Amino acid sequence: MSTLDSTRELFRRDQVWPFLAPAQAEVNVGNQMILYVEDLNLSFDGFKALNNLNLYINDGELRCLIGANGAGKTTLMDVITGKTQCDSGTVFFGQNHNLLNKDEAEIAQLGIGRKFQKPTVFEEQTVFDNLELSLKTDKRVLPTLFSRLTPTQIDRIDDVLKTIGLAKHRFMLAGALSHGQKQWLEIGMLLVAEPRLLLIDEPVAGMTAQETERTAELLTSLAGERTVIVVEHDMEFVRSIARTVTVLHQGSVLAEGTMDQIQSNKDVIEVYLGEEAAAGEQA
Amino acid sequence: ADTIKVGVLHSLSGTMAISETTLKDTVLMMVDEQNKKGGLLGKKIEAVVVDPASNWPLFAEKGRELLTKDKVDVIFGSWTSVSRKSVLPVLEELNGLMFYPVQYEGEESSKNVFYTGAAPNQQAIPAVDYLMNDLGVERFVLAGTDYVYPRTTNKVLEAYLKGKGVAASDIMINYTPFGHSDWQSIVSDVKKFGSEGKKTAVVSTINGDANVPFYKELGNQGISSEDIPVVAFSVGEEELSGLDTKPLVGHLAAWNYFQSVETPENEAFIKAWHAYTKNSDRVTNDPMEATYIGFKMWANAVTKAGTTDVDAVEQAMIGQTVPNLTGGIAVMNKNHHLSKPVLIGEIQDDGQFEVVWETDGVVAGDAWSDFLPGSKDLISDWTAPIKCGNYNTKTKTCSGQNY
Amino acid sequence: MTLRRITLRHFIALCCCLFGLFSLSTHATESASLDPLLAELGEAKIKDMEPILVKIEAVSDETILPLLRTLLNGNLYYIKAEKKVIGQFETNGETFYKDVFTNEINTGIDKPDVDKIRVNNNLRGYLRNAIARIQLTSKSPSVRENAVRELLSKLDDSTVATLERLYPYESNKKVKEAMGLALAMNTASQTELAVSNRIAAIETLSSSLENDVRNLLTTLTRDDNAAVVTAANIALEKIAQRANRFAFVDQLFFGLSLGSVLLLASIGLAITFGVMGVINMAHGEMIMLGAYTTYVVQLMMPNYIDYSIWVAIPAAFLVSGLMGVLIERLVICRLHGRPLETLLATFGISLILQQLVRTIFSPLNRQVSSPSWMSGSWEINPVLSLTLNRLYILAFALLVFIVLVIVLKKTSLGLNVRAVSQNRNMAKAMGVKTNWVDAMTFGLGSGIAGIAGVALSQLTNVGPNLGQSYIIDSFMVVVFGGVGNLLGTLVAAFTLGIATKFLEPTTGAVLAAILVLVFIILFIQKRPKGLFPQKGRAAE
Amino acid sequence: MISINKVDQLYGGTQILWGLDLEIVPGSITCIMGRNGVGKTTLLKAIMGLLPIKSGEITMEGETLNKQSAEKRAYSGIGYVPQGRDIFPMLTVEENLRIGLPVRSKRTKDSPKDIPEKIFELFPVLKDMLHRRGGDLSGGQQQQLAIGRALVLEPKVLILDEPNEGIQPNIVKQIGDVILKLNAEEGLTVILVEQKLGFARRVGKEFRLMEKGRIVAADKMENLNDSLIKQYLAV
Amino acid sequence: MTRLTAWFSEGRSTGKHTLPFVVILLSVTILASAANLFLPADSIFYVSTYTITLLGKYLCYAMLALAVDIIWGYCGILSLGHGAFFALGGYAMGMYLMRQIGDRGVYGNPLLPDFMVFLDWKELPWFWLGMDQFWFAMLMAVLVPGLLAFVFGWLAFRSRVTGVYLSIMTQALTYALLLAFFRNEMGFGGNNGLTDFKEILGFNLQADSTRVALFLITAILLAVIFVISQKILSSRLGKVVLAIRDSESRSRFIGYRTDRYKVWLFVYSAVIAGIAGALYVPQVGIINPGEFSPINSIEMVIWVAVGGRGTLIGAVIGALLVNYAKTRFTAIMPDAWLFALGAMFVLVTLYLPKGLMGLYGQLKAKRNAVMNKESQA
């Protein structure tokens, strides 16, 4: 490359030097699109966990992500939230935030919240504190040192506590909660954080039918204002909330469409649903 | 008080316990003997033992405890210089009295301390004299543990050797950390240094625990004492008792005392020691003799002064004489250091030293080395009219302590 | 001084002639003239002994060798009453006396009857040379060769004359080579000889690595003759090149050897800490117990020091291992799920164990002897020799490592202990006897530490502080290699060992140690989980 | 097969199980249901011996288990699939499975060197993943591994704590089939905690409803009606 | 309901001990000081200067324990190298005190400390410049440990060095410093360290009044640091710190840059350790590389564990208790005190998993339970 070329490259007009870009730029959703995942590849010791994966999520959408065990759903979330580095590909949040060069905290601060497949809460703190920590606030060191809970924040936490049914357990150590309760607490932590994009990995595992229903309602109500991506194997649940469903298989998208389309897709039935489930397993 | 109290400030645990425990026992034995003789000034002597645990600040603290809580009349204690330096301010503040029984780097003289171990001129200088004159050594390796005693001793020696016309290229200086255990490269370097045609010797100020692996490596790399003799200032009978000495036979040490010296006093001392420890294999060594002399002198001084009052005893100490265990008479000089003979011994396969050389008479301990630029002009004299530990003979002033 | 040298030379010349003349003389004829001399020797003070020895050498031949050797080793005694000398020997711990010439055992003598004939360094030097001179005519070629090499540094005219005389008759190639070397040295140093001869000799010398040769060549670089100087410089250069290669090997060996010590010290910790997750501050004391076991074993079999190691290794394994099991059963097993607190408890245990040996064995170091087969070194050439004890320890460390890897790979213990450390309850539910596994594993780790103690007793102090001096290094090695990875421990130990030893010559030991620490600190920034990190989702 | 008499169980100061009685008949598939936090997992752990009970008695085939350690119970034939899978994360799939081999060889009197092939027939994915670390598997794969691991023990009683959490539908179905098959062919007794009614109905033969640490309803699965569901399972 | 009370007595109660602690600490120290200064030496209430210095030393250790507890107990960072910060603070103070000796040293050199004369140094090394100013030296006493902690923490936490790796690295750090300070070339007096101090700010260090003043200042600073730390840890930052201890990665996913929190907390802790060191040196009269020894740092951790980690008061109590035990044991049974101390560590670990404060908590819980039962009856 000639000097001229490299100089040009350096001063390309379509690029802004990172240090000139505003630090906390608003998420640009000009194209109605909030998440762009393109050509994502990731392999572990030769095993391709993500394989040329492309995925676009509209702003305000509620998207269900299904796929066989090991299809790469959790791994995808890991890449989006900065937990895992991918081998190649791009992930943009809005049009202006390249998530691949940000760390977990930055990504979270941009407004991407996540619920883990295996519930992870701060076991040695109370339910209340777990929620307080997750509040949408300035999370830098000094502001955190001097911040106090405002009445609105307390109300917000109380609201959420009610929503997740842990109002009675607010002062209990989170470690002493049962599995299902921890699931709820983690959803609550997501709620108080008021993220733009929620990545929810198997929210209803271990929940009773009614709870599942409630979760469904909750998630539907969130959509619109927020964007939600849900991973779940409970087809009933998926059917009750889904508008668009994406099926992953062996690290790439196998099918995408409405629930009905998906349920009748032969490939999906073969690798994922099984004959009966496709027919709609009746409760 | 109805007893006279003797404080024992030696580490019984930690890294220094290995050397200091013996001295604690020595003091206790001396106290026992003195009590059998009816005590001092008609009173029994009572020993107060504390454990400063090889922790230097603890020496200061325990020293203070001994002086203020237990109200001891004298302290026998310390091994390392740093532990001495740590208690020193306490001794001076509370006007205590301590006997320090270990060979050390000099450059100190406190009113409150009597130094019964060797100063560099009572160990190092005679040793290299012996090497040069009797063994025809022309090259010197000065190997030491990296702390003040070896550094100073080596500085003194370097100046001394250069003064004797030894070229800088014929002096190799090497320092290692405390407890150094991997001597392969150093010993191999010494071997190379010694194989360049000139008779070479190692002057070792290697401390305590590092010695065993050092000598083992010497033995295994086949450096025999005829090729490259090692003369050590910190290796005595006790250190050798932890070592298989067969490969070391012929290496040297310079001390003021060896257990092997046959005198009636020494025989009695060894016998008493075996009886006291109920172990006839226990060896004796130079710091024990220093403790012995210190204790005897102190007892004499107290008798002479008729009191245990520190100032009186301090003055009574000067000029005290006690027969050395190796023959001759040790004298306490005005600078609180002893005059003692210097002996050089060769290691034998039974872990003892065979004296191969000794000074004609006694050598007076020099608090301030004549071979260091900073202290050439300093002397110590605790008698009137100077009464100062660091008196500058040029400026006729006394710096530091004012009493 | 000078005077003595002259007399010495005179006598040497004399004795060399005697070789030729009286090589067949019998002991009987000699002893007549020898006995009074020996009596004189027995009565003499050290500083008067050399002239007597010169006389003894002058009147005797090869048969005197046992006497000289016995004297050199400090085993020659003098029976005052009989005015005779006698050798003291020791077999299986029993001392007995025998005539050094006839090997007749003399049972009628007790210790008080005899006085040791002491020698000092000067005498030892003299004795060694005397022995070498006598051995020039020895029947064994290797003895002859050694004798020649021994004399390289003392080439005086008479020795040279002897060598020149013996050279044509020498049949053994190696001895002949050595003699040739000696003669070449002589030729090279003779300024009165023709320059071409000297240069030829110098060229011969350039293939030798002997120190004496190098020293001679160095002197020759100051020779008056320019051609000789050039030749000497070229030869020196050639020698230096070869020597440097060997120096590198030497250093590498030092590094490997230090590495093997680190490996031994840390391998047990790699199990108790690396696999079980117990922050075992008492690890050093397990090593210490092993070393003391060696001491005790040697106490119990003083006559079989050479074999004591073979008893000590299993014994140390048992002692430390049982102590480990005891500690595990009494303390560690109650701390499951509280790994940090194991630090606290084991620190307490280490204090107790230290004080325990201090109470039982005294705070002094204990003497552990090296078996004869582990002493000395393997001389590959004059500039490269590997010390045997280090060589054995290196091999031993690798052996222990391999055995351990096999035990953990081939028995269910390895699998079970990892399962237990990852999820104790689930391991129980799968039928793993967790108590047993814990005890065995901790015992195994401790036992190996004990074995390390046996090895360390051959290198360093056996005292109450032994453990303390290795604990920090051990943790460093395990962590640097990657916790839970045995191979990592191996690589880390050797890396650190070699790094230290290559730094040491330029920086000195203290700075080398500091630099290595700084290196580890920086390295861990790059690889926060050590050399061989545990990878995967679960590893965080 | 297993009977539980008046079992009390506490976590620190809080009592979780209150004088709980439960009878498991040999060859049955008993489904324990109840809201979150009523103590289902706690009960299963108590049966497995992973939590000491405060009072009461648990017996298996007439023998009291109270004093038996968990590992003994594994030898006695209880297999446990915990909630949250509890895979050994740093062991490979193969090693996870091998852990149970000693118990298996003791129980079946043959001494297998290898993992029984039937595990891989049930869960083929495990065969592909044999050399991957357990912790690296996806959630569903781990769940399959957990079940497979318990089956290696060749248990008489299989305890399953929400075994379908995070498992893809066709495998859920398959797990149901496996349970039924093992039950039918080998007479395996199954204790199943399950929230999903569909699965519970399909697989379970008996049900027990729990509330606040007590069994509050017990019957054949056919008789699990909406009012019971409303009363004990709805929020 | 019981859970609620449990919460009050455990979760939020950290601040509850503050006031009593400060009151007790200050009143005890003031009383002891007064007893030393104003009572005659033969009074039974007289407190000897030996005791005052001893107590002063304990308080320095308590402060140090506080520093260790803040990062270990609260943030889960087990530092096995806190002695390094303590010693650096101590060296800063030692250098100041050394410079105060002036020409009263044995060689009478007005500029150079004795050990430099002795090693034939001709001028003061650059890092000794300014150390004759008290303010500057004190600045260094907090700045140097703080800076070292910052650099080390910044490197380590950013690279996500955690757990035992971090612990051993801190140990390596202090060990490297130990070796470095042993070197005479470093210009800190080598193994002998700095000693023979004469006065501080013009006050004679040997005077009882100076000792008492130092003791009081230590107590006051301890109280101040205690209160500040309490405030910090009960703020939301404190909760974040606990969250990091619990699950660092989870904290990151909710948007906290945990590395920064850890770095700042580490620096804060190091600064406290530095202050403790600076107060320690004039009271014990010597600073030597031995303070860098890894064993010392391990002991600090043990004080905290004995007292009960994760409670500030526990750290203080642990430090006081273990050190008092050491003082007593070494005097009562010089030959066997290590048995006693070792046994104490083992027993505390086994029977008091949460340290003495845990015991206190248990006793209280028991009492509460009894009371609850009674009130229910």
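Each chain carries a letter (A, B, C, D and E) given by its place in the written order, and its residues are counted from 1.
Everything below uses one rule, namely that contacts are C-beta pairs under 8 Å (C-beta built on N, C-alpha and C of every residue); 3 or more make two chains touch, one makes a residue touch a chain.
Note that the coordinates shown come from a computational prediction; the quantities given were computed from them, not determined experimentally.
Asks: Which chains sit in contact with both members of the pair chain A and chain B?
Replies: E
Asks: Nearest chain to the global Cα centroid?
Replies: If one averages C-alpha positions chain by chain, the most central is E.
Asks: Greatest Cα-centroid separation from chain E: which chain?
Replies: So the farthest one, by centre of C-alpha atoms, is D.
Asks: Please work out the Cα centroid separation of chain B and chain E, and write it as a whole number of Å.
Replies: 36
Asks: Just give me the whole-number Å value for how far the CA centre of chain A lies from that of chain E.
Replies: Chain centres of chain A and chain E, defined by C-alpha means, are spaced 44 Å apart.
Asks: Based only on mean CA positions, could you tell me how far chain B sits from chain D in angstrom?
Replies: Chain B and chain D have C-alpha centres separated by 75 Å.
Asks: In whole angstrom, how far does the Cα centroid of chain D sit from the Cα centroid of chain E?
Replies: 51
Asks: Got the chain B residues that touch at least 2 other chains?
Replies: Where chain B meets two or more other chains at a single residue, that happens at 12-13, 146, 177.
Asks: For chain C, what residues touch not just one other chain but two or more?
Replies: Correct list: 354-355, 468, 510, 513, 536.
Asks: List, in ascending order, every residue of chain E touching at least 2 other chains.
Replies: Those would be 3, 6, 179, 182-183, 249, 335, 338.
Asks: Across the complex, what residues on chain E touch chain B?
Replies: 48-50, 53-54, 57, 103-109, 115, 117-120, 179, 182-184, 190-193, 195-197, 206, 284-286, 288, 290, 327, 330-331, 334-335, 337-338
Asks: Give the list of chain C residues in touch with chain E in this complex.
Replies: 273, 279, 281, 331, 334-335, 338, 340-341, 343-345, 347-352, 354-356, 359, 468, 472, 475-476, 479, 483, 510-511, 513-514, 517-518, 520-522, 524-526, 528-530, 540
Asks: Inside the complex, what are the residues of chain D that reach chain C?
Replies: 48-50, 69-71, 73-75, 80, 82, 86, 88-91, 95, 98-100, 102-103, 133-136, 149, 153
Asks: Please output the residues of chain A touching chain D within their complex, sorted ascending.
Replies: It is residues 44, 47, 66-71, 73-74, 117-118, 165, 176-181, 184, 202, 205-211, 214, 233-236, 272-274, 276-277, 281-283 of chain A that touch chain D.
Asks: So in the complex, which bits of chain C are touching chain B?
Replies: Going by the criterion above, the answer is residues 1, 46, 74, 118, 120-122, 124-125, 128, 211, 214-215, 218-219, 250-251, 254, 257-258, 261, 354-355, 358, 362-370, 375-377, 379, 385, 387-390, 458-465, 468-469, 500-501, 504-505, 508-510, 513.
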